[in-house]
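Same chain, two partners: chain A is paired with chain B first, then with chain C.
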Partner chain A sequence: MAFTATLSSGSGAATIHLAGELDASTAPDFHEAIDDAVATGAGRLVIDASELTYIASAGLRALVFARQKVAEDVVIAITGVTEPVLKVIRMAGLDHGFAIATS
Partner chain B sequence: MTAERIDDFPTRQIAGYRVRRGRPFPHGATLVPGGVNFSVFSDGATAMTLVLFERGAAEPMQELPFPPGYRIGSVFTMTVFGLDLESLEYGFRADGPFDPVRGDRFDRNAILADPHALLLSGRDTWGVPPDWSRPYQYRSMIALEDFDWQDDAPLRTPTEDLVIYETHVRGFTRHPSSGVPAPGTYAGLRAKIPYLRELGINCVELMPIFEFDEFDNGRVNPGTGERLHNYWGYNTIGFFAPKAGYAATGAYGMQADEFKALVKDLHKAGIEVLLDVVFNHTAEGNEHGPTISFKGLDNATYYMLTPEGYYYNFSGTGNTVNCNHPVVRDFVLTCLRHWVAEYHVDGFRFDLAAILDRGPDGTPLPNPPLLEQLAYDPILRHTKLIAEAWDAGGLYQVGHFPNYGRWSEWNGKYRDVLRRFLKGDEGTVGELAARVAGSPDLYGGRGPAASVNFITAHDGFTLNDLVSYNDKHNEANGEGNADGANDNNSWNCGVEGPTSDPEVNALRLRQMKNALAILLVSQGVPMLLAGDEAGRTQLGNNNTYCQDNELSWFDWTLVDTSAELLRFARQMIGFRHAHPILREARHPLGVDFSGVGLPDVSWHGVRPWEPDWSPGSRLLAMMRCGRNAAGTKDHVYVAMNSHWEGHDLELPELSGGVWRIFADTGAAAPYDIHEPGTEPMPGHPRRHHIAPRSVVILTGSDD
Partner chain C sequence: MEHMKKTSVLVLDDGPEPPQDLRRALEEAGARVRVHTPADVLAAEPVPVVDVLLASAEVPPNIVRAVARRMDAQGLRPTVLAYTEHDFGALEGHVHSGSDYLMPPFLTSLVRARLGSCREQAELSRALSEAGGEADLLRYERELEIGREIQLGFLPESLPTPAGWGIDVRYRPARTVAGDFYDVFELVNRRRLGLVVADVCDKGVGAALFMALIRSLLRHTAEHGGIHSLKTVDMPARHDARTVPMVGAATLLNAVEATNDYLTRNHVHQGYFATMFFAVLDPVTGSLVYINGGHNPPVLVRAAGGTPSTLDPTGPAVGVIRDSTFTLGHAHLDPGDVLFIYTDGVTEARAPDREFFGEDRMLDVLCDGAGSGDDLLRRIDGALTGFVGTAEQSDDITMMAVHRTGA
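For the complex of A and B:
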């Protein structure tokens, strides 16, 4: 399944909807969406991962990238994460600075 | 807008990859704009090839020979563009002579791991049997160094204030009773930080975490037929790579992040991190061992060789790293800087460090350049450097390891005399006095922080086994009980091994308390072996290097069943933190430096000021006097009795104030140790009875 990262915004939040396989080859598209989301100046960034079918370590790193790219006072919420992915995020210590909700 | 740089562009194609001549420094694989810069040193290679793999594939996807122009001096370097960093594994193929007498062991059929590899794959999950038919076992990988450290900064705890806790990443939480989400991993250890805080230690020393192969031990347990492992990991494959099998996320290649998260959270808890590093030898063994990396890249540079081209074996493991060769010195230095700069570790304990001062022919050097360089290096400047100041080649340097005012030592003499005193040997109190006062005879010019005091360490008996076994019981190691040390200075208290005899068990518990009490009031840096605070046993095995099972793992049910000992240990650690006079940066000299009316250290016997130094003496009391952090007077009196009879002690007179009993290992719990502020006074202000084989600690203040 092809990867897509779709940005939508409204009522002070920017939402990036992820679908498909997030790996090293598709992570740049995600990075681009993060840049676009930052440009909206929204105070809240939602990353909707509910339609991700696969996430590799490059995908997890893209989350770190998002946290470092976005201003500190912007809340980043990740929604729709599967339990195994959440576990990896926590074990690797990448969960700092996110509000994470599982699917 | 970043300006485009002309040197970011490839200049030619090799095997379908866009490349250009690389930069010789740094060695290893480094991310550069658009690509990866590869750089590898080999003095004797006639040709070098970069071998690229798709992650997990048995056969290479491509081989890129370095063109002659890509060799600068003895460094082969090439930048390759357009690589998929996440799925890439790489290695080198070095061509050159096979002429062992001249030191050359090139083998163009071997694919070699990069000595500077930041990650290695191949043993991603602990204990998963490898496929030995694969041509390339330990595969170099590229690491992204984008971990968010937040505001982590080195703690820079003064060395003399440390209480070190030596542990094994896997063994600490692998036992099913640990109750952590990912047992046996960096994440598991991270989940136990609250326990470490409560215990009161402020430094963990991790047994080797550089990538090694737990499957490089071919032996089996003769009793069970089970395959034995290399559990301890003193056999390095990748000096720059954290062990993937210790990471719950190793299968994702995220071991570096997981280890960094552990360091970050330990720092947040006020706990420093020391790494046990093994630079004395590598996993390549001798001429019969495998060719993994160094042997095939530059055997004659990296190893100490005899004139006939065989391996010197000062490490007892087959080969000896040629540490004072200028190129190897650079390698060691770069490696340590990497762990400090990239992983924020606070210092190192060097395994068999005496080897680090041998020259290329094995001769001990009076001024070993490697040790001097490490002592003065700007990046390592405020880290702790601790030497295991001996080696397997007979060099024993406790007290005179070349130190440049920087190096500390594992004080093996402290361990030996403490054990002999505790078991009741004659002729020990004189040396005991020197050891508990920070060994001024050994470290007079260097200060007490040069002395890492310990009674037990990973090598040898646990504390519980020290008081439960006269002899080692290493049959499970598959070497007919021939491995492991024989000079344990242990005493089983009357029965060999576990017993239901309540008197023997009570004596063992008291002996363990005695050991912890003396260790934690001694001047110098105390080091505890993980689990000793809860009476961990290895059933008399004093060399569990190969035992990845309950013999080695910390059984967390001990925290409940040994609650009395654990409480004692916690209180003793707290006592040390509360009394700066026990951790001053200078040795006590028997002089009243702080104007409290009594000397900083004084010695006593059954009667005050009358220590019995005779060979038959088994009782010694030490009084430490000075001021605490607030500047008020502080006195600590420690009576140590290894005699099988009790004695009526007459206590020294204070310059004001009264004695209070902090600890008395001869008293039944909960009266064996007291919360600060609740210490009772002795029945008579100047007298106290010390029970057989007991330690009494009194405090006096001028209130």
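For the complex of A and C:
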């Protein structure tokens, strides 16, 4: 499945909808979406991961980047996380920097 | 001259038509002629492939250069020729900007000779440009190859193996350089053995540079910072008398914390981190103290068979969160047991249909019992090769088997 990262914004939140597999070859698209989301100046960043089927370490790195790029008081919520993706995020111990909600 | 390939000519003209006698001479000289305005060519996608760009002197030289540059950028590299019927002053500007020129009378024989030399020049220019690109690529590949060799120097030259133990490793980068690494080194006057398997996030040269940094930080701190750190480490109360004091535990904790501290202080904005399994083994007793920093849980395969146990994370990946808490895990290897440590290149290996090898398949192989470490790695390798088939290896694969052979 082809990877897509789609940005939308409204009511103070920027939402990045991820679909497909987030790995080294697709992470640059996610990086770009994060930059664009930061540029909106929204106080809340939502990463909709309900259609994200796989995350490689390059994807985790993109999440770390997102955490660094937004201001500290901006909440990053990862929503709709599927079990395989959550497992990878948890194993690396990166679940603390984000508000995670499973599907 | 019929066997010769036709010279393709693009006449660049803002006017309605190029001079009749020029057009006739071009055609009689065997050229394939097209006429476009500069605006057409600049907007065309893709730009037409031609040998000669024949521009009316009335088109300003900078516009002609812009058109030529656009063709050059796509590797077409036509020879630029300016023509005029009577405005010889305008021709001068073109000659100054590097174009060749064509003037009346437009006789077929003269035009043919000029086109011939222009085409040769275009072909030569194209060949040179391709050779230049290939040379760049070769230089780049050579540099990368040097990077690979240097990176291999960051892996241990040999695996120090205490009596009664066997250590086997498989290391297969997916690309020329890798983010995975492993290390085996002696600690505490050879009374302990440090074992590391780690995976720097992401791929390519960036991951490889951080591999070199993280490996060096870990090993240097472990080899040289142990004594100093003994005072600062509080051993958790839950450890029983058999494991306290754990020689090497302070060294381990100090190495991982110092590495995490260094990375989060100096490199946090580059976003690189590593998942790692770092264990300190007492070869005499078989007891193992470890930190698993966000890494795929190593599997302890018992000689007696049965469900293998996993050594789950005791802290997050190293280099992400400042002042992370890492706790110590404990395990014990009895004679015949094998500890299998690996990176996610094993579980995330993919079949041609994109399916993952996965933990279950790996555990199935491991459940068949230990044997020697080399046997075990061979079996995993066989299962992986069969599963992956013709698919391309997508991630670095590192595996280490630590086998307690003696009684």
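The working rule: the second predicted complex is superposed on the first by the 103 of 103 C-alpha atoms of A that agree within 3 Å, B and C clash if a C-alpha of one lies under 4 Å from a C-alpha of the other, contacts with A are read in each partner's own complex, and residues count from 1 in each chain.
We adopt the following convention: a residue touches a chain if its C-beta (ideal position, glycine included) is under 8 Å from a C-beta of that chain, and two chains touch if they have at least 3 such contacts.
Worth saying up front: this structure is predicted, and the values here are computed from it rather than measured.
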Exercise for review: Have a look at chain B and chain C on chain A after the superposition and call it: clash or fit.
Suggested key: clash
Check your understanding: Is A:R61 in contact with chain B, with chain C, with both, or with neither (first, second, both, neither)?
Key -> both
Review point. Which of the two partners, first being chain B and second being chain C, lies in contact with A:A77: first, second, both, or neither?
Key: neither
Practice item. May I ask you to decide whether A:A24 touches chain B, chain C, both, or neither, giving the answer as first, second, both or neither? Key: both
Check your understanding: Looking at the overlay, what does A:G93 touch: chain B (first), chain C (second), both, or neither?
Key -> both
Exercise for review: Name the stretch of chain B, from among 98-106, 296-304, 440-448 or 530-538, that runs into chain C once the two structures are superposed.
Suggested key: 530-538
**Study point:** Intersection of chain A interface sets (partners chain B, chain C)
**Key:** 23-24, 56-58, 60-61, 64-65, 68, 91-94, 96-97
Point to revise | For the chain C and chain A complex, residues of the former touching the latter | key: 179, 199-204, 268-269, 271-273, 275, 293-296, 313, 315-317, 320-321, 324, 344, 348, 394-395
Review point. Where on chain A is chain C touching in the complex?
Key: 23-24, 27, 56-58, 60-61, 64-65, 68, 91-94, 96-97
Check your understanding: Once bound in the complex, which stretches of chain A touch chain B?
Key -> 23-25, 56-58, 60-61, 64-65, 67-68, 87-88, 90-94, 96-97
Exercise for review: Spell out the residues on chain B that touch chain A in their complex, using ranges where they run on.
Suggested key: 84-87, 144, 146-148, 150, 181-182, 185, 187, 190, 247-249, 252-254, 257-258, 260-262, 264-265
